[in-house]
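Take a look at the structure below.
Chain lettering (A, B, C, D and E) follows the sequence in which the chains are written, and residue indices restart at 1 in each chain.
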């Protein structure tokens, strides 16, 4: 019962945060909404006995990604007038919500059609994760590092201020 | 607490992410929507992990978190670059490549 | 021998054409004359030899050169056959042809394209002989076509004037209309007789296996061919226009030989026509109508050559009356006599025209009888002959035709024939008197006529006077030698001599009446008829037939052609294609409107796709009911 | 063990190359063409090593005790690897002039290409969905960065942004699908999935089917199937020529590597489930692609539009696989080779011309090209003819196999539509030939420049002709037969 | 040598073109090379004809595997049908090259050599894919020649001809693929060889669709009425050598296709389509002729004339009796020669007067008699003048038509009339009339006469000694016809 109420609160936080994220005009408020949702997700992980995941979520997602985004927002110091004005935002939201309904329905129906119950399992601790990572999941784990490297190189390439002023076209 | 609730939550989060992605012009929000979608997949994986009693789901989710980080890096770099060049992060402002504008 | 007769003119035509094309600027008068006139002379001699051979008892002469086509049962050889009918024709053609060649050597002397003229002329001779001597219908058709072609070339000889070429075209195309009928008839004949051979002999032998209806159709279609070539209603309109060619051409082709090919053809197929008398009657009716119709128009014409042209058409009508009613020999006999006097009349007219510096209107001539005495006398003989005054040639042949018409109890045809006989006398003497008797209108110095032009006139005058004697029938004390010689399947005439005398007298009286009327009206002061009554106006304008043709055939054809060019092709066929293309590009345009460059729209399309797939999956997987 | 490591060497070499280039790129002293040579050097070594592993393996796993069954070694993957490396080598060499003519290229470019190749190779070897996803992300992220490489150019950035947003969006679906499959099967290993699929009936596999449908959406997006196509024209246009070439030829093939593996092996017994969806998408793709291509005035955009159409042809064959066609899978392989050769050639010429001027290449700009550069024009015509499927080029045989497989599987109408769009494609390909040949140029004829780019273009053209008419009469040289044999061998190694 | 003679005939011009192209031969060498290749092929074809056995069907066969696993083979051979067209192609090339003598644009020569290989290959192929290859290949040089060297809206028109003909060939390709598949399904092996496919038995519905695919291609190529809108623009825009090939050879290949593949594969189904096509050809016969009357452009006029006569030929093919067939086949040859003649004359007209519009011409006859002679001769031979081969052919077709049906016969016989009208009116306006003294009318040169004379002699020879030429095909044609009759059960 306690779990359900925790779940409800977290779910409410997450849904509220994400709705705020997509509907808020202010980018920073959106980012806060997102942060709330991410933290909620971490809570959910904990609720699902994935402690390590929850930790990682807090550390990576919340700590790194969200903070990074906020930093970026602040870095580029976007003024309000440079932010997009989206007069038809809600119209779009409604239209796309209608469009997304079959997909949501499909996803939910599919998911709920198979599994009805949780099975008993031990808490996914860092030890379990570490064991798995270095046994079963070693290849993805290895190439994730390459992915991160690639992303880094890519990010450097993209974000680097080009010192040349060649204006020729592609 | 049944998996059903988590599934519902996942579906909703994913759909909200999708809606945000489509309906918003602010590239930051677009980026966050994508992250939200990925995170909801993570939630799903964690749920499955518990449903199946198999820690692999959590490991996959962990890997996905790494992917999220990678995407974040490149996305944010892109946003910074685009903002620096164009002074805007409104995705609708980028339509030079539209059909009939092939002199761009 | 037969093959030489046919091939020789082709060869000489080819040789002259080669020389002419080699260097058109050189005159080479003597070369062309020797080759051009020499070959008909040789042909004439050869023809007479063939004639003698037949006279001396041979039935037919066959000569095969080589197989032309052999497809299935369609075995056609280049082969020649001379029977009595064709020998009469070739003698006539080569003899009269030779005279006209000689005449032409004088007439065309100063023409720059002298060589070309003789080349064409010989080509014509060759084609005509091929037509006559052919041993199978297909070869005959080849000759038939080539005759049309050379006629075209000769009518359009003065090609710098577009009017002449129009006339030539008209001639050729109307001839082709006839040929259209002819070829259909031949094809049907072949198909109906398939497997039994396709020479005249074998057709004759197997003609009975064809159903009567089919035979009638073939008969009609064959006659369509004859109509075109022999200028019968309704395909006659080319003949008057064909006078655009040089006068020797008119004399040879449009009076003596080519136009009678139709009559010859009907006679050649007499074995077929005897089976279908109804069609014969139809032919005779067309002939009668053409005879009368042409005579009426001729009475109102003022161009000397056109009068003669209509007269020719009228006389051809007579011939068709004869062959239509089964009196094939009489028809051919009229062909025979007509050739002499009509050639003579044309050549005389040509002489007058040359003498008067190419004046052709009879009402601008007059009083020439003193200056052109020889021409006058010879033409007078010819006019008498054509008017059916005994003992000149025309009397016997025309009388034979009218007698057979009367005897076959088709009195309307007979009546029309008799009326035409009177009209013939009228318009011929109208012409003669206007040209030679009435007061002189101009006092220009006349051109001198070379002897090459006048000598043939004498020969022909002699022929016009005496040719009729070959076929004098029993009633007049003859033996119908001509008819006997031809041995065609004529209907036998049952008519008493007294009736024949009565008819003969009537003809003569009618002829004299016409002559008298003409003398009264034109001998002293020839005046062109005024278009004061409706009938006259219509008659002077040749019953507006040309205009009617223009209106009902030419105009619609051109309109149709332009309709295709401007509407059907671009609007319907291309329109259909362009409509597809337009539809395609339009949808392409609409589709690329979706590419508006905005990323959220793109994402939206993806969502639409996902949504669609999800929708489908929901039902397919049975997740919703 | 050593032997096993050797088998992993081709891939390791590519990664090592990427690292080396990454390090070298920071040195200002090394010129770009040197780096290019280094990159090509690594790729060639990898290529050669792959060539020697070809034909030896059917479904063995690399270092099974370490990687489990994540990394599969079979001829199918090796042949795709060969294509990726060849594609990268050609991209690097043919565009040699282009690099030198553009200021904005830097050393990371080569590193990114190599990373991308590594990602693709991993994609073809991966036997595990998460690995597939990560490999796909590696390849994609490198390409994102490459598309936006010309940073001062607004359209380049714009293209990058679009590709990134839409690519990430559909990438998520891949992961969602993976998660669903994991939920259904309890594993993401392709081997296990195959076992699961073959031991269950369709009714019990709702989750797996929905999951794989989501994966399919990502694949559809990457190959540019309508309605997931909208990025193609824009991104191809915005990217620098070398990248467009790399995407059109190499990257597209990589997607088919995984698509075929999934479709034939893992969902082999249920792949007819998607037939209707695939057919609808195929129809839309064929029509939409040709609609887009026909309206373009820019040659690059036309090629982009036409690449959608080519995806449509490939989709015909994919649904033929589902309907049980034996010929379809080799047909796809063969078609990929054909399309690879033709599009590399076509983009190569475009980039060669672009390296000499800064103009956009419109149709109009090709007026009189044949009199300025006769040999280039001939080769461009060959590429266009091959793309149009004109007989005596390899493109014709590609279409030949595709359409026969469609007929074999009873998709007569789809084959008919394919032939119809092939007919329409004649218009926009021949328009370019017309432009080149029908107009005279007042500029003087230029000499044929013999350098590595042009020679490779010539080789491409010769290969296309040889692939189209090459016969098995001449021993030792594989002609058209050789290519299809390779394709068949690859497919048979999957089973 | 004899076993590879066909290969040599096909590829000699292409090889010559490639060799000359690679060495960038100067224009003079190029001309000599082209001329040499055309004469060499003529000689080879001469040898072939000399060794040709008229009593057997396909001979000089060369059958090599090409793309093995698709069953595509390099399968060529010659029989009476292909021999005739082969003779036409090779004998028309030298006059064309003489015509092009002063042409200094290299592309012209290369394209002509390519074209020769394309059409020759199409005629000799007995493998359907090989046939398709050549069928498409021959389109390319035409495309370039019209587009590059044409006049008027040539770019547009060349696109139009290519697109329309490719639409046809695509439908044919579809049928070919399907045929191959049926063979595969039946025997488990792939093959596209005509002899193999001939053994197949189809169900009626399939056969009807497959035939439609082939017929569409041929109908566009011929072109039958309704499929013809590419024709006049293409003829109007194309340079003379291209027009000659299009009219003399390519259009005939449509007929050839019907004969070879229609009667070779779908005997029974063809009779299903016969009524429709007969109606189309009859309409075409009159439609094109009427259209030609008011056409001002000589090339287009003779394009329509060509259309009309090809409708006649197609009609003959579908009438399936020995007369119509023999006539059609004979007409293929004679019409090719005659139209070569007339289109060369039109080309010469253009060279002289820089126009081919009838309304701007006139009075040629009084200044240039040789020119006039040749022009008129070829024009008249198009119209079926007795003494030229066309007459024989038309006569046979008309007889065949009457044998089939009275009304078809009547409509067919109108060809006697229809051609006459526009040709004679055209002659009147172009050749005759008053000469314009401002224009220089130069008569034919010796070179031009040398080029035209063989055509003229051939036309006369075919008109006067047809049975000599018919020997080539007689036996086998009847044999084919009998087989066909057996197949449809119509043999009496």
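Just so it is clear, contacts are C-beta pairs under 8 Å (C-beta built on N, C-alpha and C of every residue); 3 or more make two chains touch, one makes a residue touch a chain.
As the structure is a computational prediction, the values presented were derived from the model and not from experiment.
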Any chain that touches subunit C and subunit B: A, D
Pair of chains with maximal C-beta contact number: A-B
Taking each chain's C-alpha mean as its centre, the one farthest from subunit B: C
Chain occupying the most central position, where position means C-alpha average: E
Furthest chain, CA centroid comparison against subunit A: C
Centre distance in Å when subunit A and subunit B are each reduced to the mean of their C-alpha atoms: 6
Distance between chain centroids, defined by C-alpha means - subunit D, subunit E (Å): 43
Length of the line joining the C-alpha centres of subunit A and subunit E, rounded to whole Å: 71
Gap in Å, rounded to a whole number, between the CA centres of subunit E and subunit C: 37
Where subunit B touches two or more other chains at once, by residue number: 14, 17-18, 21-25, 30, 44, 48, 51-52, 54, 56, 60, 63, 67, 70-71, 74, 78, 81, 91-92, 94-99
Residues of subunit A whose C-beta touches two or more other chains: 92, 96, 99-100, 103, 106-107, 110-111, 113, 115, 136-137, 140, 144, 147, 150-151, 154-156, 158
Where subunit C touches two or more other chains, by residue: 592, 594-595, 597, 599-600, 603-604, 607-608, 610, 612, 617, 621, 623
Chain pairs in mutual contact under the definition given at the outset: A-B, A-C, A-D, B-C, B-D, C-D, C-E, D-E
List of subunit C residues in touch with subunit A within their complex: 600, 604, 607-608, 610-612, 614-615, 617-618, 621, 623-624
Subunit D partner contacts - residues on subunit A that touch it in the complex: 106-107, 110-111, 113-115, 135-140, 143-144, 146-147, 149-151, 153-158, 162, 164-170
Subunit A residues within the subunit C interface of the complex: 92, 96, 99-103, 105-107, 109-110, 113
Footprint of subunit A on subunit D - complex, ascending: 15, 22, 66-68, 70-71, 102-104, 106, 108-109, 111-112, 115, 118-119, 122, 128, 130-131, 134-135, 137-138, 141-142, 144-145, 148-153, 155-156, 160, 176, 180, 183-184, 206-207, 210, 238-241, 358, 360
List of subunit B residues in touch with subunit C within their complex: 18, 21-25, 30, 91-92, 94-101
